[in-house]
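What follows are several structures.
Shared chain: subunit A. Partners: subunit B in the first complex, subunit C in the second.
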Partner chain A sequence: MTSRLMVRVLVTLVAFAVLARIPVGFDVGFKFDSGLAVIWAFGLLSLVLLTGYVGQISLCQATFAGVGAYAAGMMTATFHVDYIVAVAVGVAAAFALGIIVGLPALRLHGITLAIVTLGIALVFDRYVFQDHAFEWFTGGTGGWSVREASMFGLQMDSSKHLMAAYVVLLALFCLVGLLMVNLHDSGAGRRFRAIRDSELAAATMGVDLIRYKLLAFGMSAAIAGLGGAFYPLVAGNVSPQPFWLFTSLQFAAIAVLMGVRYVPAAALGGAFMAFVPDVLTRFGHGSLFGHQYEISYDWFQIAVGVLLIVQLIALPDGVWGDLRHRVGHARSTVGALGGRRVKVA
Partner chain B sequence: MTMLRVRDMTVRFGGIVALDGISLDLNRGEILGLIGPNGAGKTTLFNCISGVIHPDRGSIFFEGHSLVYAPPHVRARFGIARTFQNLQLWGSMTVEENLVVPMDALGRRNTFSDALYLPFSTYAERASRERARAILHVLELDRHARTLAADLPAGIQRRVEIARALAMRPRLLLLDEPAAGLDAQETARLAELLHAVRQRFHVSMLLVDHDMSLVLRVCDYVYVLDFGKLLARGQPSAIRSDPKVIAAYLGEESKQSTGETTTVVAAPKQAAPLLEVKQVAAGYGGLEVIRDVSLQVRPGEVVACIGANGAGKTTTLRAISGMIHPRRGRVMFAGIEVTGRTAERISKLGLIHIPEGRGLFPRLTVEDTLRLVSNTAGHEVDITPAFQLFPKLRERRRQLVGTLSGGEQQMVAMARAILSRPRLVMIDEMSQGLAPSVVRQLFEIIRVFRDEGIAVLLVEQFVESALDVADRAYVFEHGSIVLSGAAVDLRSDRKLVAGSYLGTAVETPAMAAADGNGHRVDPALMEIVSVRVPAKVKRALEQRAEAEGRPTGAVAIELLEKVDRQ
Partner chain C sequence: MAALAAYTIIGLSLGGIFSLAALGIVLIYRTTGVLNFAHGAMGMFSTFVAWQVFYGWSHPFWPGWISTLLAVIAGLVFAALMGLFLEFAIFRWVRTRDPVVKAVITIGVLLALQSAASLIWKNNQYHLPIYLAPQAATFTIADVPIGANNIVVIVAALLLAFGLGAFLRYTSFGRAMRAVSDSPTSASLWGVPVGRVGAVSWMLGSLVAAVAGILITPFINFDTTSLTLLIIDALAAALIGGLVSLPLTVLGGFLLGLLETYPTIWIQSIGFPRLVALLVILAVLVVRNPRGFAVAAK
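Showing the complex of A and B:
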């Protein structure tokens, strides 16, 4: 067990070291995309916990991220606290909202739960993030802009110190990701998975459904909120647009596309969500055979839809999941060739 | 001493009264039987006791506590464990993990210490795993410990359900049809196991089953339900001869002898085979479950597949009907090669498969499910014959299939197959979950099938009855056919069948004890399971077991025996 833990820690460290270096030497836009990728990866990671482990559906994960972002923005812009405090407040706010959203999930399943969470996303998108009554929280129509920010005394405001923010964010993601992988195999993770596989059996075998479902929603919201809380730092401001309803839907779609049960799939999906649209708009125009063409952002949405259909048919466990199975299968075939025969029950 | 006291329990689902003022007492250390026709409300009563549904009226007291407002997990902490008629294992976990979950759910472990792998959690984890392994050993599930629960055959999953319930160290165990799909010998072994569990763990039990041989053998007292009401209660022997119970549930013993004469006449030997399976191999993932299976079914013939649980009967049927792809070999149906075709295309040719899980759509009503037959048949089909066959379904025609009782669902699956007038029906575990009188009726229907020229391939736990109705039979063992022949011969050759492959019904408890010798539950081991052993001793045991490559439990028993002798 402990040796497995060591391997995981090692893999995480290597992944961190590699990923941290990637944006070095690129332009500011690329660095911004990298930061954004990790923020979205947090959003997807929150679904790995909620949907992948516990089997609950939620279509308002971007709302949690948004609440984290606004709370953090408010704390720095109005109270000028150290940014780490702002992040903590953002996470706490998201956690609290997660618990509240979890309440209907105690009764609802499947489609009905999806619709309720969709409604919550809509309410926040249309009313909370864009309403005068909540100006103290959202900073008005312009949102909060974060010019000066420091974390642990280090200067961290957006344009100049983007790399620093990115590295901190990435380190946090690696840490939380590692914890999530551990959680999966631990006792608590098993109780979560028991709820996913059969709620009926879980309840009658002593798993406190209320506690564990609320915990799952709270933790999931906190993870999404943690990513969101860094948004003001990376982007320099907060606005409702990145956290609107559609981002929530995109989270759900891309989580399924990449493999909703796997932590690395969240990282993959985050990168996909941040880079692909940007690359499309940057390089997606020119002329071909004398015709002008231009690929807009809308093409990204369509591409996700098409990929999702292809994936559901060809890779039912998501891109990452099926990759893993293939590798595992190849390995066992090689093992079988080595003369080991499986005795049949 | 009353342990469980149920009073005036009433449950209604819309217009249906599933339980109507049931009162019941269970004493400490007692095994109480609960029987009754399909849809009588047995599972509903279990659901009330375990807290899954809330009764409209009535009260439950367990060891003096009122349970009315207690949620399910609190009842689990009181010591009430249950198994499910429709299996509810956690399919994506290994068998061992399935046992560990209830152990540490009841141990109130901490989520964060778990995720951080703190020493406290790691230690608790090791202790749980050890106990899980001991329980698995007792139930002879050792070799499945690392298998995913979903990959196991249904019969073994049922045993894992019992193991999982025992992992909770329960004081009251609710068993919902534990013997479904078990053959006679396995049932006898189960009976012994239940006795041993009661003795060692001091567990009281409430047992629902349609296999009367089990109920009569293990229960101290029996309650009979019918239409949600108490029909009778008393000693098992009295219940068996109670005319009310016979009329409502058991049915009259049919005249056995008639079967033999019809058997010989029927099958036209010369006819070309309707189904021909040639050297088929199939399996799942890296596992090959059947190999070199060859069998034939002629038109209008009834063929039985018999063999212990996990012998490969279900897989054979799946490979024939196209639910899985055969890896080698050929399947011919009505002169057409169907190897590797989709299940849908094969069924269009007139081959109907009623799978073990029944293959129904839970969100459709009974009537709509039966109407769907018209769709596959391509012309309008009259569904009234189904209701004549199973009058119970007529009252339930507008109910969703998913909410039917287990037996009622089995009736729907049978009715659907019969309506589609197939050329060959393959039925997996036909009598599973059905009341004895209904089972008897179904065997009659199979005779009718044959008279109408419909062929039947049958997998059946009641070997005797299956051989009575069948023309020929194949005996499966470890994924291949080891014996085949005319049913009459196999029946008279029972010794052969009994000795090496199955064992037929064991008539008396005394015989059962003698017969099941090799599988006796070892009291010493049960002790280990229930008693805490110092960590040092445990570690020593573990090391020794690992060095000798044997299960820890076996080493422990050996040591205990030595101590006893000295």
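Showing the complex of A and C:
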């Protein structure tokens, strides 16, 4: 085990220990937000892989999460399996859809790929998740409701054992995040980045484009689906609303906003996406100078849109990326002043 | 047979609106290199401004046509100003950036406009449509009754498409726009004001989107999301035109309208037309050489 890997494992363990303790003692609403934050963080992490590493744009990541959620919901509600099986089926379903979406992506890139994935997100949002023809999968208009489930015999549900679900989710996120950071420098990661920088050059160097692009789409969809598969557990039911087109667009916006090339930015974005709207709607009402005001969810999405625009003009590498550069710059400046050489990055 | 004709009329009306929306996308994409995902949202916002004037601020004693006229003018003026604002506040600053970055910025615009509209006009509320012609008026051509509003849509779409084409072909500013869309660098070397051309494209594109939005209200479930989501149909039509050709785009719009309407004879589903749009997009992108689209993206 190299020292760099050891540092990463240590940082991940500390982050896990701290994050797992944070929601303890807060009310159910915040515990639900914590679970949701990790689910959204998985969605953003899937974009770190697909966009940050491989350079493929996708506007249907919430669709993958939704397929994972519906598949998991269907498995628990219809077949009453152990929840780990439901999660596995959810991830497998998302992976399969990812491969299918990856097929047109073999010929497309950039904005045409954005158009196709937008169309896929819209078809799932308006058709598959809502139409009678797919009731076996979506459970009809009411969706699936998952009141209690167990994983490895550990009781989990949305009302009483929310923390158990949160801790398992967080552990999985830390694991997948660590794997993603390591993937960046591995052989597959180098091939991915070669595809991002130039598909032609990558193909010339012998990178199997078909295999690695499909793999990237499948893995990315599986990551989003892994988060989504826990949605029925955390929320208690599945409905089309959380996985509609605008969530996909928010994923893309927030992933870019936070820094689409960095794994910690996904965690940051997930927390942003889950907590900020709830805090806004909870505390954002009252009266100011005699005027009643109420800050609704819409203000959050307006803020996301405006922040994204400002960020893309001013900080192209995202919030996390910019912070990293600043810290690195400060460190090298300090090093230069003190006459010591400090290794950056 | 009469049923088929009725569906054809509906399809052509929808198609006219898709054509209009797609024209704006192609216009903006060709001259500024921005693929505008917020096009539906922009049309939606202007349409709601018109709706507000029509239902909110009109005086009940005014004759109907005055409120209609005022509403349409308000919507169009707002649309033009919004287009100019977007160009000057945002897209002027990112002209040299990658087309994907510009497209992602339009997603930010989409989210902001969508939420602002849902904040002002409430998302899931039923809104009465804006009728340009009397709602019940019909013409009968060869035993087929055609609603006056359908005729308004089809005629307006064709007129605007030809008007835009003539503007691009026969006026000096239109020539400037075509020059910029071919190559901004050489156009600027020839003295074409590239910045002003971009601003006018945004204004025109936004105007056409507003017209499409106002015209479509009698035919769809009129709320903030449904108009924003028209973007996918508009993009499908624009892709049929290769994101370049205006006549092919108009044709594609009408074709898509028919393709989305005929299946509803057999399939009662709100979502199914979206699947048709996606299949059209996939078919166009797989059949055509995708790299052909990169040409217009500077």
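Assorted remarks:
By our rule, the second predicted complex is superposed on the first by the 336 of 345 C-alpha atoms of A that agree within 3 Å, B and C clash if a C-alpha of one lies under 4 Å from a C-alpha of the other, contacts with A are read in each partner's own complex, and residues count from 1 in each chain.
In this text, a residue touches a chain if its C-beta (ideal position, glycine included) is under 8 Å from a C-beta of that chain, and two chains touch if they have at least 3 such contacts.
If you're wondering where the values come from, they're calculated on a predicted model, not measured in any experiment.
Superposition of the two structures on subunit A shows subunit C clashing with subunit B. By the touch criterion defined above, A:S296 lies against subunit C but remains apart from subunit B after alignment on the C-alpha atoms of chain A. In the superposition on chain A, contact of A:Q130 is made with subunit C only, not with subunit B.
In the overlay built on the shared chain, the residue A:I57 is in contact with subunit C alone; subunit B does not reach it. Judged by the number of subunit A residues each one touches, C leads among subunit B and subunit C.
With both structures placed on the common chain, the touch criterion links A:A149 to neither subunit B nor subunit C. In the superposition on chain A, A:L122 makes contact with subunit C only, not with subunit B. Of the two partner chains placed by superposition, A:A65 touches none, neither subunit B nor subunit C.
Contacts of A:L179 after superposition on the shared chain: subunit B is touched, whereas subunit C is not. Touched by subunit B in one complex and by subunit C in the other is not one residue of subunit A. Of all residues in subunit B, only 50-52, 71-73, 75-77, 81-82, 84, 88-93, 97, 100-102, 104-106, 109-111, 114-117, 121-122, 124-125, 128, 143-144, 164, 168, 283, 286-289, 310, 478-479 touch subunit A in the complex they form. Here subunit A touches subunit B in the complex through residues 1-2, 5, 179-180, 182-183, 186-191, 193-194, 196-198, 200-210, 215, 329, 332, 336, 342, 344-345, going by the rule given at the top. Put simply, subunit C touches subunit A in their complex at residues 35, 37, 90, 93-94, 97, 99-101, 103-105, 107-116, 118-119, 123, 225, 229, 231-232, 235-236, 239, 269-272, 274-275, 277-278, 281-282, 285-286, 290, 293-294, 297.
Across the complex, subunit C is touched by residues 57, 59, 104, 107-112, 114-116, 118-120, 122-123, 126-128, 130-133, 245-246, 249-250, 252-253, 256, 296, 298-302, 304-309, 312-313, 316 of subunit A.
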